[in-house]
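Take a look at these structures.
In what comes next, chain A is part of two complexes: it sits with chain B in the first one and with chain C in the second one.
On to the complex of A and B.
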């Protein structure tokens, strides 16, 4: 019996209009002018999208609404999965996933949040959605994965020596054997010794930095092998907007040529929690840079620490794909 | 069909010291302010300050669970941890072999562990998991007042279930009953022709009228919320397995009005109703 394939029928993204030079955040984040220079010159950051006046749901809902509108009958959406990096985005009296589901008018869908893979949670949510859809056995059923969160406090906006976080949101309609991009493989590796995440001490951070390139390279290799591909078969690596020495080392170790990496948005958006891999996908798609039948490797690393890689094959789909 | 092979529970572990640093308090304030709430530091100081990490430490030290090496770990909770940046799922993953896919299911109230059960069953059904762990956690120290917690005197609690292919009650169905639909009818439909041999384990917020006549009921401690039926299951599963052919876990989420059901079938439970997809998410509506 052939294995049913998870498909990404529609991916949408949203960025706040307001673009802020990282130098303007130096005071809030406690960065010296020299340190800002490091983030610009070494890590490639320049501006981030950041709007303190925008509420969480104002940020998250536009992409989700656009994704839902691509489904001919939204009643087919059985799950709404809100995947995010910071484990708590609202006070305990508000369940964000339920609000998103209700605002989208999907009142009969199950809605839940998925976290604890930090910035890799978006890819994990696609994997979980696909398993639930397979188990449900209804070929018409769809799941909606939603990402997006605010850089609400200095503690969660600065990842020391890595990134200054920007704001973005995305949404993805998942199906089984549907139209759209096929998920050819998904590989995750978790290093629980770094579970403290942003709260790691200096020694822990140093150790994490040491393991990062090797583990990331292994996960990328494994994802390609599981899809039956070599790096030469890939059209592009679509990563999150992090350009650290660890990332560069991993790429060097794998021998991936620079032209196969999409890093254009590091400078303009910064790292946007669990959303930037999807934001980068839509930027490429909307610019006509995704090839029909092309193979793409999506990469997300979450502090805590989860390394995720997903190989997809792009299939151009009609504006309102029918199964 | 996946079975519950081991379990552990913890209820009201010793109170810990308040240890929120200024950065964490600032984060709480920045997170709550856009929603019109103010952080009450006294609530934090007066809380029991038991973190998810401490609950996990105790749960996985239990004899039945210690040394397990699951390939899937799902943490489920309704109330957030005190430490929003500590990744409990990764932490316990490392302690239990470091080979698991691990994540948390949240923002669904007490439905989160039912969803975790669906996910675990789905991974077993597709062959991607042979031993999974669900950790249901509830810590009650919050920076803003929440009547559900503070008016009900909830205690800290947790339960761990291991799910595999060994001896134990089988996960035979997970259902959601929407507001306005009959919980009673859905339970009857789930247990089929053997109601007399079925135990209903009901959370304290379940309407008593929802329990079909003639079925024995075990009511859960009202001092637990998301963990209620799971703590009872972890503590009594061996007895129930010997005494009943099936157990229905039933709990009602006060915020959504939805009721959640899980059917656990013993070895003598033969009448799994037609149409039950144990990993499915359909609602029979």
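On to the complex of A and C.
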């Protein structure tokens, strides 16, 4: 029996208009001039999108609405999965996933949050959505993965020695054997010994820094092997907006040429929790840079630590629009 | 700027990064093993020196081997200074 393939029928993203130079955040983030220099010159950051006046749902809903509008009958959306990094985004009496579902008018859908993989939760949620759709067995059913969160305090805006977080949101309509990009492979590796994430002590951080390039390279290799591809077959690696020495070391080890990496948005948006890999995808798609039939490797790493890699084949013009 | 001055500049930068006075660095002093700077602190040290030694760090050319010791860092800064000076001269081609 042929394996049913997860497909990404529509991906949308949203960025707040307000762009802030990271140097302007030095005071609130407690960064010295030299530290700002490291983030700018070594990690490639420059500006981030950041709007303290914008609420969580103002940020999240535009991309989600755009994605839902691509489905001819939104009643076919059976799951709404809100994938995020920060565990508590709302007061305890407000379930953000259910608010998103209700605001989208998808009252028949189940709605839940997923944050265990932190910034890799967006890719992980696609895998979870596909499994739920397969288990449901209805070929017309769809799932909606939603990402987006605010950099609401300095504590969650700065990942020391790695990134300054910007704000963005995205949404992805997932189907099984539907139209749109096919998911050719997905590999997730979790190193639970780093579960403390932002609260790791110095020794833990050092150990994580040491393991990072090697594990990232392994996960990328495994995803390619599972898709039956080599790096030469890839059109582009679409990563989250993190350009640390660890990332560079992994890329160097794999021998991926620079022109196969899309890192253009690091300087414009910074790292945007679970959203930036999708923001980068839509930026490339909207610029006409995704080739029909092209193979792309999506990469996200979440503190905690989860390494996720997904190979997709892009289909620019779905042969069979929504049924 | 000669090497002795570069070493002195590195010493000053290291004091800034560690927020305490540091003296007695030599070219052989290893930045990771001997003075316990982690990789990010070394990068900070480079940033703190950019304006003083008149260079601009290019992350495309920076290798971790360049920051192993005070001496290799001084060599890197020296090479960057030379590169900046050459780039500032009008081309004769």
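Heads up, the rule we're going with is that the second predicted complex is superposed on the first by the 318 of 323 C-alpha atoms of A that agree within 3 Å, B and C clash if a C-alpha of one lies under 4 Å from a C-alpha of the other, contacts with A are read in each partner's own complex, and residues count from 1 in each chain.
Note that a residue touches a chain if its C-beta (ideal position, glycine included) is under 8 Å from a C-beta of that chain, and two chains touch if they have at least 3 such contacts.
For clarity, every value in this text was computed on a predicted model and none was experimentally measured.
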Of chain B and chain C, the chain that contacts the larger number of chain A residues: B
Which superposed partner A:206 touches (first chain B, second chain C, both, neither): second
Chain B versus chain C as contact partner of A:193, first or second or both or neither: first
First, second, both or neither for A:97, with chain B first and chain C second: first
Partner chain(s) touched by A:44 [first = chain B, second = chain C, both, neither]: second
Touched partner set for A:32, first chain B, second chain C, both or neither: second
Partner chain in contact with A:245 - chain B first, chain C second, else both or neither: second
Which superposed partner A:161 touches (first chain B, second chain C, both, neither): second
Residue numbers on chain B that touch chain A, as the complex places them: 23-24, 26-27, 30-32, 34-35, 37, 75, 79-81, 83-95, 98, 100-109, 111-112, 115, 118-119, 121-123, 125-126, 128, 142, 144, 146, 149, 176, 178, 255-256, 277, 279-283, 285
Chain A residues within the chain C interface of the complex: 32-35, 37-38, 41-42, 44, 161, 206, 209, 245
Touch list for chain A against partner chain B, complex: 55-56, 78-79, 82, 86-98, 108, 110-118, 121, 124, 127-128, 131-132, 134-138, 152-156, 188, 190-199, 303-306
Of chain C, residues touching chain A in the complex: 13, 16-17, 38-40, 43-45, 47-48, 50, 57, 59, 62, 64
